[in-house]
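Input: one structure, supplied below.
First chain written, first letter: the chains are A, B, C and D, and each begins at residue 1.
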Amino acid sequence: MSAPAFGMHLADVVPFNLPSIDYRLIAPILILMGAGLLSVLVEAFIPRRGRRPVQLIVVFVALLAAFAMVLAAAGSRAVTAEGSIAIDGPGLLLQGTLLLVALLAAMLMAERMVDPSGDAFAPRASTLPGSEDERQFTQRGYLQTEIWPLFCFSVSGMLLFVVSNDLLIMFVALEIMSLPLYLLAGMARRRRLLSQEAAMKYFLLGALSSAFFLYGSALLYGFSGSIDLPVIADQITAKPSQSWLLMIGAAFVLIGLLFKVGAVPFHQWVPDVYQGSPTPVTGFMAATVKIAAFGALLRVLYVALGGLQWDWAPMLWIIAILTMVVGSVIAITQTDIKRMLAYSSIAQAGFILVGVVAATREGLASALFYLIAYAFTTIGAFAVIAMARDSSGEATHLSRWAGLGRKSPIVATAFTIFMLALAGIPLTSGFIAKFSVFTAAIAAGDTWLVIVAVLASLVAAFFYLRVVVLMFFAEPGPETATVAVPSVFTTVALAAGATVTVVLGVVPQPVLEMVANADVFIR
Amino acid sequence: MEQIMPATGAFSLIWVLIALPLAGAAVLLLGGRMTNKWGPYLGVLTVVGSAALGVVMLLQMMGLPAEDRSIQQVAYRWVFADGLSVDMAFRLDQLSMVFVLLITIVGSLIHVYSLGYMEHDPDRRKFFGYLNLFVAAMLLLVLANNYLLLYVGWEGVGLASYLLIGFWQVKPSAAAAAKKAFIINRVGDVGLGLAIMVMFVTFGSVTFADVFGQASAASEGTLTAIGLLLLLAACGKSAQFPLQAWLLDAMEGPTPVSALIHAATMVTAGVYLIVRSNAIFDRAVWAATAVVVVGLITVFMGAIIGSAKDDIKKSLAGSTMSQIGYMITAAGLGPIGYVFAIFHLLTHGVFKAGLFLGAGSVMHGMNDGVNMRRYGALRKVMVITTITFFIGYLAIIGIPPFAGFWSKDEIIHAAFEKGPVIGALLILGAGITGFYMSRMVAMTFFGKARWEDDVHPHESKAVMTIPLIILAIGSTVLGMALLFWGHIEEWLEPVTGIATAPSPLSTAATIGISLAFVIVGASIGWIMYLRREVPITAPRGSLLTRAARRDLYGDDVNEVLVVRPSYWLSRVLVWFDRAWVDGFVNGIAAFVGGFSGRLRRYQSGFARSYALSMVGGAVLVVLALLLVRLS
Amino acid sequence: MNPANYIVLSAVLFSIGAIGVLVRRNAIVVFMCVELMLNAANLAFVAFARMNGNLDGQVVAFFVMVVAAAEVVVGLAIIVQIFRTRRSASIDEPNLLKY
Amino acid sequence: MNTVPWLTILGAVPLVGSAVVALLPKGRDLIAKQVALVFSLATLALTIVVALQFDGGSSQPFQFIESVPWIPAFGISYGLGVDGIGLVLIALAATLVPVVILAGWRDVEDTPDARGSVKGYFALILALETTMIGVFAATDVFLFYVFFEVMLVPTYFLIGRYGGPQRSYAAVKFLLYSLLGGLFMLAAMIGLYVVSAQGGQGTFNWFDLAGMDIDPTTQKMLFLGFFFAFAIKAPLWPFHTWLPDAAGAAKPGTAVLLIGVLDKVGTFGMIRYCLPIFPAASEFYAPVIIALALVGLFYGAFVALGQGDMKRLFAYSSMSHFGLIVLGIFVFTTIGQSGSVVYMVAHGLSTAALFLAAGFLMQRNRGSSLIADYSGVNKAAPVLAGFFLFGALATLALPGLVSFIGEFMVLLGSFQRFLWVGAIATLGIVITAAYALRLYQRTMTGPVGPGLEGIGDLRGREITALMPVVALTILLGLYPAPVLNVVNPAIDNVMSSIGATDPAPVLGSTGTSSEGTEQ
């Protein structure tokens, strides 16, 4: 909760220039923050029994309301809050996607049926793993409803992240987005050691990356005398001198963002965190953080550093290639499905970077489309993973998936759809996404980048299909996991993910138009 | 080019000639068990029907003036594309007419004979089906009006021959022989196929009319190429050197098959092809010479093999090779030879069929034993067979007035016209013929009985002997009939070009010399195999004998030059495919996998190493950016 | 004195922090090193604010402090929890997730 | 232009059938089979209707054209239409599917370790038919690609779920190999789009692309992308090693569809896409491709000669035949290309005959496909042996059968253009005969092998499945006009689009047949 407060504070001091803030445009952010505060209060004042339903109502209402506001704001292009927030096509598009995906993620988090002893989160994160209290709380069937305020804050941070127009807001948004995630990562009900380890790694590395980001913005500020992205852009064109400040600053800022994106060599937190966190949170992170981080990355690159394209393009070339290759190659020898999808998400980040490097309108549009397609597919995939279980919790080891296709064909089929989409087989969203990204890249002359991407996606196809092979070509054994019957929540999330994946693959035109009309970033 | 008449009257039924036996084959082969009973008789009827139709056509044709005797019937457009157009069309002229009669009449006789010969075979329905198929294919071969359609018949008879040689497939030897025959014939087919291609690129058409019509315009080189390729084809089909190896094994088939396919008709298709293509060979001297050479070589190969074999059928097969050698030689002599090649082909078709069927009749009585060393003195028990066989014998060695005498004599004479050496060689061949045929007759019908104990020879029954008798009559009169009554030269002249009439004097001379040689050879044979008792186990024999028993190493040569190398090559390629081509593909996969395994080790699980790679990456990125900027 | 020196100092601090993150095992210390890096950034901001003659940098510094404080809260929570579970605050201890 | 969207209907019928079959309740296997058969027959009937409406003589090579914008953002349209080539291949697919369904009636039950359900098997086959029809009917490169790739999915499951011991390895290998080609084709396709976009809005419409003139260097790059995909599909030496594994692991029915139809997509793609869109590049690469084709022709034949496993033998023989087809395409003569198309059809039929007959045999002997396990079958099961022999003869292109017409036209066309290429290729017929007859000799002749005495002969259902294939092979061999009539105009179109002309005969004869035709 920064920008508005900042404004008010100023207003008390100097009444004669009130900051111009278009509350209508930033309403989504405010709504989510408000929801966060509200649910903190709910935690404080509503008796335990009632908390969960109230929290859910608050969250879902907030998400839907925010989405409504985004729709209402559709088409507007404005810089508000004293130039620190830019509401434009891409921003709104990403906000809308974020909200929808967050909605599905929230449903996964709210799921209570698949695990006999409650939801995916520890009854009390404070209790020691395996301790007496933990057992007690579990028996009493306590649920940790503190996840909801964290969730709301995180989402609000994301919404702010993709529209923030100066480095300070961006930094603050980054933290608002990340801090709750650090905590959520550590709250798994089962395998708590892993969960805590994930939280710590995520936190320390995240903090390190934000330090880089911050120092980078300091240098950029020193170079340009401002933290506004457009001003920085002007300064870059204005004075080519003092380039080392600019260069190092730009590099550090980009590093901070590439870390969140999960690009090689800043990717190593991804597998550990994805594997350790509670599966719904993993899905939430995998889908939304990717969107938010890429949103910010695109904005920085296209708005602030647009004049520097010839400097960062080669670097991103190499990073994109590394990311695609390392991600897909390491994934083929993974034995844990969550970890495999983590590496897959790294590879996917690489493919999106291919579109980013193009640095053209088509590139931007294709990246946006890819983000949308990828987010829904991922949520769906993790929904399935959350359902494949055995007595000790989720059965994430690949060997446990052998023959799943025979035991529960429908879920397996859904998962197959997601895998095919990630592999980029036609008639799925993933194919159109890859197609548009490659098209943009080739149009921009990055043919060789596309060739590498093609080879990488072949390697990727191998491990995606490996799961399919396991599920359908192997006999179910005693080891095979059973698919728990979920409540309406997961069902809806799963169905939505599958539907979007297929629809975007068969009739992508509307969304393609949307991303095309999203136009470029305002500056 | 000679003009070609539309098919009218009986000629409008040309297609029926083929369709009848083809339908018979279809019914018998698809009909299944239900046709077991009456199937064979249907098979006979279809061929007899074609024969009757053939005779009708002959009569109608004789009614026509000579230049109008080339009739064509176009059924429909068969294979076509821009620049290519081949019809399903038939051409009945004097040449194909005589073939039609030979095929259908001899075919009918052999069908009838088979009724008896195959009586006890469980699969006789199939047998007759195959025979019908053969007759249909053979008729297509001689009735086609273009080379591509001829090709269909060409391989059709090959197929029938394959099926019939391997009729007793349970015997591995039979199956192997069948495969061998087909594959060696395929080599010949390559020649035919390529010849057709050359014709097409040269003349833009593959019909006889177009090709022969424009032949004069083509360069001699092209014509020579075509001629040699056609010769290759002929060698395959007619078992001429160097593609002769299959014929002897082909005797694995039932004896009527040997009579019909491997004596009377199919093996003579090569002669037909060359004579039919006379327009080419007339203008390609070298090709024609090559034909003569091949023919001569085969005359002696066949004769020598025939003289050494103890298996009566193989001995006859050798003789067949030799006799076809005569025809091929004649066909190579040019216009003066063509007619007599065909003439000899017809007579040979009749008397050799008779001889084979006679051999079959003998085997029938001897529990299918073929070893002449276990025969002997059969003249007492099977009189008709003996007489008919003896007539055939007289015919083949060329004793006047039997059929073989006229035709062979004409060839020898024509050879002298071309060059004394050829004539001399042919006369020598005639002598050897006399020898091995006498040997055969002596061992089989005369001398002491050397039968195995459980063998009780007996004369075959009428259904088999009547065809023998008819063929024997044919062997007696056919020569004179064709020559003096049928005037075969004039009959064929429009197709084969003018045959220069031989001058009587030299005729007398050649007749005398050749007769002398024949008698000498024959008497040697008689003396050798009647004076002394024939040993039941063959003596080691001279080097030549042993070579001849091994078919003059024909198989060994093929084995060493072709078969072994190709199997070796295939084994090498199989290994190469697995180890290298596929190995490369799998190698890549393995490499990526290993790479992945090594790469994931860097994900050590220590937060600080992650931090390190981040900081390191940061430094690199900064350096990279500065480098890009400064450079 | 030349404000550029402050920048140099901040750079030095940042580097120290970074190196500290890499070499120290104790999670708390590592975390403190990160904080050091943040403060190096703060110093840079303030110094640049001075050089550029506008307030933005200083404003940012305040925000960063707040954010850093929040980070401390979250971070300590996590670290303490790990410590309670494992009886050690070494960041090399938790090493179950790898490869 | 016609009002009824025939091709869409044609493609939809099997898809609907597939859905219906898939949605049937468990355990209703018989009904599933019957429904599948009915739908496949309906498709066949529709195909015949379409084929009868197709006007071979018309000036418009493409007919039944449909075009609806699909993804205007990339100039992609849902465009269908067939020329003679597409039509005959669709007809081939529509013919083989019912045959395969009937032949595979008990495939799943008779598999000792069946993975999938019966209905799944037939649903997949029908789904595959839809993609096959689509891939041959597409006139939009993107749409073609979509079918091209989606086709892999049902095949992948058919091999991987219903195949033999090696199925998993084979399925993955097949899929990855095909994907590799597909992805390169995707890149090239995008490149093509980008090139077309240089003049305003880019397009994937085949008609526009075929007319476009691209500068040679770009052509060469893009051509490679497309050709690589097709060469893997076809399969051309040395990209063939997936085929023996796939065919060896797949059920006979699946293998028939795989080799008989799917692989034709490769050669079809060469004629439809490589040549007209990249004429210059095609000409540039033709020598290399012809060399590869020749190598493949003999390589495949010789490896087949040395194979101890029937299914692998068939795969290699097909590889050899594909060499021939590719040869015919890239000699750029009308006769050669028409021959290639005829041979595609012929090869589909002969493969079906041989593979299904062999399949029936294997089913009777614990699914063993080792030649060594068989001997003297002719005695125990004469009818089966008969069909087997017929298949072998069709494979070695016996004159009178349709495969002969295809083969001879290809050889003739090659000979017409490059004398020696044609001559060398012709030698192949000997080796073909060698391995085909050797196979028959080793399996069917001689004394009856151990354990084979009891195997029953073909049943009515099996004969019914084989009969249509046999009949077509013979009828088209004696009267190929139905195919040639529609194919030749299409080929002329291709030839003109690549600006190739046939070499005239030396003596410049018109080439019309003898006087007989005039009467």
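Everything that follows uses one rule, which is that a contact is a pair of C-beta atoms (placed from the backbone, for glycine too) under 8 Å apart; a residue touches a chain by one contact, two chains touch by 3 or more.
Everything numeric in this text was worked out from a predicted model, so none of it was measured.
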So which chain is farthest from chain A, going by the mean of the CA atoms in each chain? B
Count the C-beta contact pairs for A-C and for B-D, then tell me which is higher. B-D
Measuring from CA centroids, which chain ends up nearest the centre of the complete protein set? D
Centre-to-centre distance between chain C and chain A (centres being mean Cα positions), rounded to whole Å: 25
Go ahead and note the Å separation of the Cα centroids belonging to chain B and chain D. 36
So what's the Cα centroid distance for chain A and chain B, whole Å? 80
What is the distance, in whole Å, between the centres of chain C and chain D, each centre taken as the mean of its C-alpha atoms? 66
Residue numbers in chain B touching 2 or more other chains? 600, 603, 605, 607, 611
Chain A residues counted as touching two or more neighbouring chains: 200-201, 204, 208, 212, 271-272
What residues in chain D touch two or more of the other chains? none
Which pairs of chains touch each other? A-B, A-C, A-D, B-C, B-D
As the complex stands, chain C meets chain B at residues 18, 21-22, 25, 30, 91-92, 94-99
For a test of understanding, state which residues of chain B touch chain D in their complex under the given definition. 4, 6, 29, 32, 72-74, 76-89, 145-146, 148, 151-152, 154-156, 159, 162, 166, 169-172, 174-176, 178-179, 182-183, 186-187, 189-190, 193-194, 196-198, 200-205, 207-210, 214, 217-218, 222, 566-567, 569-571, 573-574, 577, 581-582, 585
Given the complex with chain C, which residues does chain B contribute to the contact? 600-601, 603-608, 611-612, 615
Chain B-touching residues of chain A, taken from the complex the two chains share: 200-201, 204-205, 208-209, 212, 243-244, 247-248, 250-252, 254-255, 259, 265-266, 268-269, 271-272, 310-312, 314-315, 318-319, 326, 329-334, 459
Can you list the residues on chain D that touch chain B in the complex? 173, 177, 238, 240-242, 299, 302-303, 305-307, 334-335, 338-339, 376, 378-379, 383, 386, 393, 398-400, 404-405, 408-409, 411-412, 415-416, 419, 422-423, 426-427, 429-431, 433-434, 437-438, 440-441, 444-448, 478-481, 484, 488, 491-492, 495, 502-517, 519
